[in-house]
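One structure follows; several queries about it will come next.
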Amino acid sequence: MNPVYYLYLAALLFTIGATGVLIRRNAIVVFMCVELMLNACNLAFVAFSRLHGNLDGQIIAFFTMVVAAAEVVVGLAIIVSLFRSRHSASVDDASLMKL
Amino acid sequence: MQNLIALLVAAPLLGAAVLLCGGRRLDRSGHLIGTLLAAVSFVIGVVLFSDLLGRGADDRTLNQHLFSWVPVGGFRADIAFQLDQLSMTFVLLISGVGTLIHIYSIGYMEHDERRRRFFGYLNLFLAAMLLLVLADNYLLLYVGWEGVGLASYLLIGFWQHKPSAATAAKKAFLVNRVGDLGLSIAIMLMFTTFGTFAFGPVLHSVGDAGEGRLTAIGLMLLLAACGKSAQVPLQSWLGDAMEGPTPVSALIHAATMVTAGVYLITRSGALFNAAPTAQLAVTVVGAVTLLFGAIVGCAKDDIKKALAGSTMSQIGYMVLAAGLGPIGYVFAIMHLVTHGFFKAGLFLGAGSVMHGMNDEVDMRRYGGLRKHMPVTFVTFGLGYLAIIGFPGLSGFFSKDKIIEAAFAKGGTEGWVLGGAALLGAAITAYYMTRVMIMTFFGAERWRNAATTSPDEPSAEPAAEHRGEHAEPHPHESPRSMTIPMIVLAFGSVFAGAFFGIGDRFLRWLEPVTGHQEGNSPVGAATVTIATMVLLVVGAGIAYLQYGRRPVPAVAPRGSLLTRAARRDLLQDDFNHVVLVRGGEHLTRSLVYVDHTLVDGVVNGTAASFGGLSGRLRRLQNGYARSYAVSMFGGAALIVAATLLMRAV
Amino acid sequence: MSFPLLTATAALPAVGAVATAAVPAAKRTAAKWLALLVSLATLVLAGLVLARFEPGGDRYQLTESHSWIKAFGVRYELGVDGIAVALLALTALLIPFVILAGWHDADPLETNSSRWRPTQGFFALILAVEAMVILSFEATDVFLFYILFEAMLIPMYFLIGGFGDRAHAGSDEKAAAQRSYAAVKFLLYNLVGGLIMLAAVIGLYVVAGNFSLQEIAQARADGSLSMATGTERWLFLGFFFAFAVKAPLWPLHTWLPNAMGEATAPVAVLITAVVDKVGTFAMLRFCLQLFPGASRWATPVIMVLALISIVYGALLAVGQRDIKRLVAYASISHFGFIILGIFAMTSQGQSGATLYMVNHGISTAALMLVAGFLISRRGSRLIADYGGVQKVAPVLAGTFLVGGLATLSLPGLAPFISEFLVLVGTFTRYPVLGVIATFGIVLAALYTLVLYQRTMTGPVKAEVSAMPDLKVRELVVVAPLIALLIFLGVYPKPLTNIVNPAVQHTMSDVQKKDPKPAVEAAQ
Amino acid sequence: MRELAAYTTSTGEAIQFWVLAVFAVLGALSTILMRKAVHSALCLAGTMIILAVFYLANGAYFLGIVQIVVYTGAIMMLFLFVVMLVGVTAADSLKETIKGQRWLAALCGVGFGVLLIAGIANASLKDFAGTGKANAGGNVEGLAALIFTKYVFAFEITGALLITAAVGAMVLTHRERTERAKTQRELSEQRVREGRHVPPLPAPGVYARHNAVDIAGLLPDGSPSELTVNKTLRARGQIRDVSQEAVNDLKALEQRSADRLERAGTEEASK
């Protein structure tokens, strides 16, 4: 079998994640979906690194994880403070560009 | 010597500047300054005149080039003066009569707190008028032309608190503007035809231009002349212009400004000679006006308006003569000068009468004044004799010549024009006699000044002043007023003879205007006799009407013609209905259109855009997720695009 | 590299504007004086420019050129030809009078407002406008010009919307509403024009590859840059539209009466005498130079529109009840004359148009400022509310009359020359149009004299019976303007000397020659 | 293992892929479809672990481990933590509030996916150079070499990013106490002043059969009273009310006892 299938899988996961971002209202779930998309990308990178036979792809994936970690930290912090201020984690409630 | 020319204009201009900008501190001395500077320019005029006399008949043209005024491409207008016999004649007339009238005004305007301003305006007028006759190109002439228009506007409206005066002033300026339209178009035509509009080049290269263009230019010049000289159909302003102080009427609306049209036509003689059609138009206008004015003059009870009518008709004579071409120019100018004398004299007389009668202008409230103001009576009488052309007085010489020339035109035109001129002479005799009798003879109708004034549009100024004093006390005017009248009387008596006998004037002007003897179908003697007869008839009728029977204090209803004539032969009504009303409606509707249509279209588009944006705004619902959708869609599109690119 | 005089001339008022705005709220008078001094200093610099400029010399002089945005070949390029110099001088000349005339217009109504500082803002904005206008006259880089052309809308917007007449017909809220309407209208009209122009500017860049007016014009002249006829016409229309809105040309004129009516008199002068001139100036400099072919192509239509503006504006002026709107419509008529002269494509027409810009600036300033003084006294813009002022305040009436006479272009006053040149220039090529345009002078006389008669003459109205005559400050504003009007009317040579060569250049750009007189043509 | 990730792919890997891929996709789908955040989180964690396995299979051993440790271990736990904070079982309705959002989303998703897959499909990726050579010196060493040479700056910057993120999180969540905490006395006074329920709240679960805290106590008329349940539970909508049959057999009980008493009474009477 050809590692290109990993790419198909990545594409699939990415799309699912994106769709999730669009349809879910709960900010936390939205975040998870973002994570899912990131992971899909990582998978693609890894697969590519295998295809090209060098490690740069993995490096990028690694950095992606780090950045994802940072992003999650900040994002969740935001969600928490949001929840504190309005007792809901729905992204639709934040439709007024202000808290 | 020619460097003096500029001073002619400069002196009164300086006066105007000083008096108008000087402020109240000059109220004391203002009138003296004004008069002095007017006199100065007269003296300079005399000096130059003597210089010209000293020269040969052919090099009597002085030029002074001050500086290039508007040089743009082929368009060259200079501030340059040209003094030849024609201009000289006018200079002397203008500055001479002007000075006299300055002197007269000292007395006449004594009690007006704005006298300084009045003299400033008078000086301004002198400067403009001198510029008009001294300019050596049409554009500079145009400056003078409008300048006198402005001066007359200011002077007619001098008593601005009177709405009638303000309106009259505006009317005068506007009608003049219509004339100026003609002048400026004429200048443009000259520029396109000759590439210049300086007198010399234009008049010399007339031969090269097509007659069509020349006719057009001529007609435009005629239009200008009509405006300034109150010829039909632009005469309507002159009557109202009598709202101004009487000296103004004497100086501007009798002696000088209104003759500018004649000057223009004579000055462009060469051009008219080459355009017979235009000439014919000129003669027709002249003939019509001289009758028109005369008829109006017969009907007016306001002494000044009666005189205004006569002015109109006298200028009609001049224009007629000028239209006759080389056979007429000289006599046109000659009549112009003599008319300048006696008409100014008559107006000053009228002013003096009004002065004595608390500014009463209605002749029906005069009568028997000869005992109370003898000097006025005598001078006015001499002027009267002069204007009706009493043998030996100046009017006789000049007018007679014109009538002859009119016949000399030859053909039916000649007969028609000549006949008109003769008829005009008769009517002149009639209305002048009427004025004379109503004013100085008969019962003293002012004794019981209680009855109301005839309801006649031209009587408001009188109405304003009536009732101030129950009964006027006629008295002779101060010396400052009588002296000018006496001088002018002299002029009106002897000028004609001095010019006419031995053709002095003819020889003087001929180099400029050119002259040719017309071959009159009827001998000069015949014409003279005919004139005399008609004169006697006209005067006689007037005597029978007003001398024998007492003059009713209230104007009788009169015949249809009379009533029409009282209303300036319905000219004003016509203007009002057609121009004023029409114009008002036009502007009103335009204002409406501008608000609704022009503005509406734009606002409409704006509104539709607003609606559109209102729809689009719905997309911006603030939900992060719907933004995300569009982002995602965009991303998809981009991917699609890249794939397509790579596929292609 | 000599001293960058042009930059200095534009930079000085800009700096002055910032400084004025920075003056603390309490020191209102200081701000006024600062603004006045700055404007006078600018006038001095403008005088230097005038002195350094040799009429016979190169087409563009005192040029400066620095690279600005390399990526698009946008350069900071300055240079003045005769036309620009004349208008630059006019602007620098008028601003001090505007400032002096508006001396009290922006005093806060309630004195204890410590944080609200309208006065500083007012004068700072005026100076800002001056800076941008001057620079736009100097800019020879299309992009730079475009930016200024748009940027000057901002301060103008605030000047119109923010500072209305103290004295107002109707209640204050109503006045404020009308004012903001006028301001928005002004902004929208000009923005739309500007956007269309932007498209054209970009198009020009696509075609020509750079923004330098001189290079492009050069290339157009020697044929190294040839545009497709269609392209050229579209670009021309894009530019012309913007300028026609600013100028304003019928039927794009409707913003002007509102703006001039609602703004204070000095601001109105700023609009019509200074800012609008940029439009007509730009027609001469950009439309004709960059798109000669298209200009010739569009001439008939534009001439007709200009003619309509003349007659239409005059007629509407006759119909106005509001003094300022009357002057505004008169200005529309005058702008018609200017555009007529520009597109007559004769040296008389274009010189006349240029002189007209200058003279109209001065005469309208005189008339409008005096009208402003009048309005500030009585507190109403309606003609019907006046009458007999002449008896109460003769000097005011006199100056008003002179201003009016200048507006109806009385011979002997400056506007006459320019108007007559325009008429002659038009007549030599289009006799019929010339004649029709000439009727404008009668209408001009009509609306001016009607205005004068209704306001100044007749019996004295009760409300105006106590009206004071012109104060010293106001005299200082009006007298020089009138003197200038008379001087330029008698001796316009200094101006024509500067303008003529530039006009000759433009004429050669559009490859037009003055038509020969009939006599010579016959031979 | 190293060979496994080398130049070829073994059937074993193929099987592994096909089996796990299915689960991965299912996990992803259930992530976005579960009503409760907790379930989503768990499903996501599952997917991630599967991905970790795939990493390993692709010879990215380091990443595989990191994936498990960092993602599944740290990040997902963080998620769960927050979920708890916000409310474990608080299920958000999947009902769409924005008009057309779901359709658009589906459309975009499908379209995008199709596009991606199509793109990958028409890319020529037949032959591939495995990670064998790259991993020759050991995967971790290889990565380390790259990170500390080629990508060193990126690495440093990432460190800075992490620090910033940490600080940012603190700033966002930490609340400075502006006024001192109210004492019990003040609180009670405040309650009295506001006229809110002055005595302590009633206790829940008042019946012998269930004395759980999440059971609302009954008012005399038998209707449950929200007040009796703890606030947090209320917020999470976790109140188990006294089910009707409970009330019914309560009645039945009383009935029976009443009968018995009665019967006793009659027996007494028969004697």
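Order of writing sets the chain letters: A, B, C and D. Residues in each chain are counted from 1.
The definition used in the following text is that a contact is a pair of C-beta atoms (placed from the backbone, for glycine too) under 8 Å apart; a residue touches a chain by one contact, two chains touch by 3 or more.
Worth saying up front: this structure is predicted, and the values here are computed from it rather than measured.
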Touching both chain B and chain D (chains): A
Chain pair, B-C or A-D, that carries the greater number of C-beta contacts: A-D
Whole-Å gap separating chain B and chain C, where each centre is the average of the chain's CA atoms: 37
Centroid spacing, where centroids are CA-atom means, of chain A and chain C in whole angstrom: 60
Rounded Å distance, chain C centre to chain D centre (Cα mean): 70
Inter-centroid spacing, chain D versus chain A (mean Cα positions, whole Å): 16
Of all residues in chain C, the ones touching two or more other chains: none
Residues of chain A touching at least two other chains: 18, 22-23, 25, 92
Shared interface positions of chain B, touching two or more other chains: 621, 623, 625, 629, 632
Set of all touching chain pairs, with the criterion as stated earlier: A-B, A-D, B-C, B-D
Contacting residues of chain A [partner chain B, same complex]: 18, 21-23, 25, 91-92, 94-97
Chain A residues touching chain D - in the complex, by the definition given at the top: 1-9, 11-20, 22-26, 28-29, 31-33, 35-36, 39, 42-43, 46-47, 49-56, 58-59, 61-63, 65-74, 76-81, 83, 87, 89-90, 92
Chain B-facing residues of chain C, complex: 188-189, 250-254, 312, 315-316, 318-320, 346-348, 351-352, 388, 390-391, 398, 405, 410-412, 416-417, 420-421, 423-424, 427-428, 431, 434-435, 438-439, 441-442, 445-446, 449-450, 453, 456-460, 490-493, 496, 500, 503, 514-520, 522-523
Chain A contact footprint on chain B (complex, rising order): 621-625, 628-629, 632
Chain D-touching residues of chain B, taken from the complex the two chains share: 621, 623, 625-626, 629, 632-633, 635-636, 639-640, 643, 647
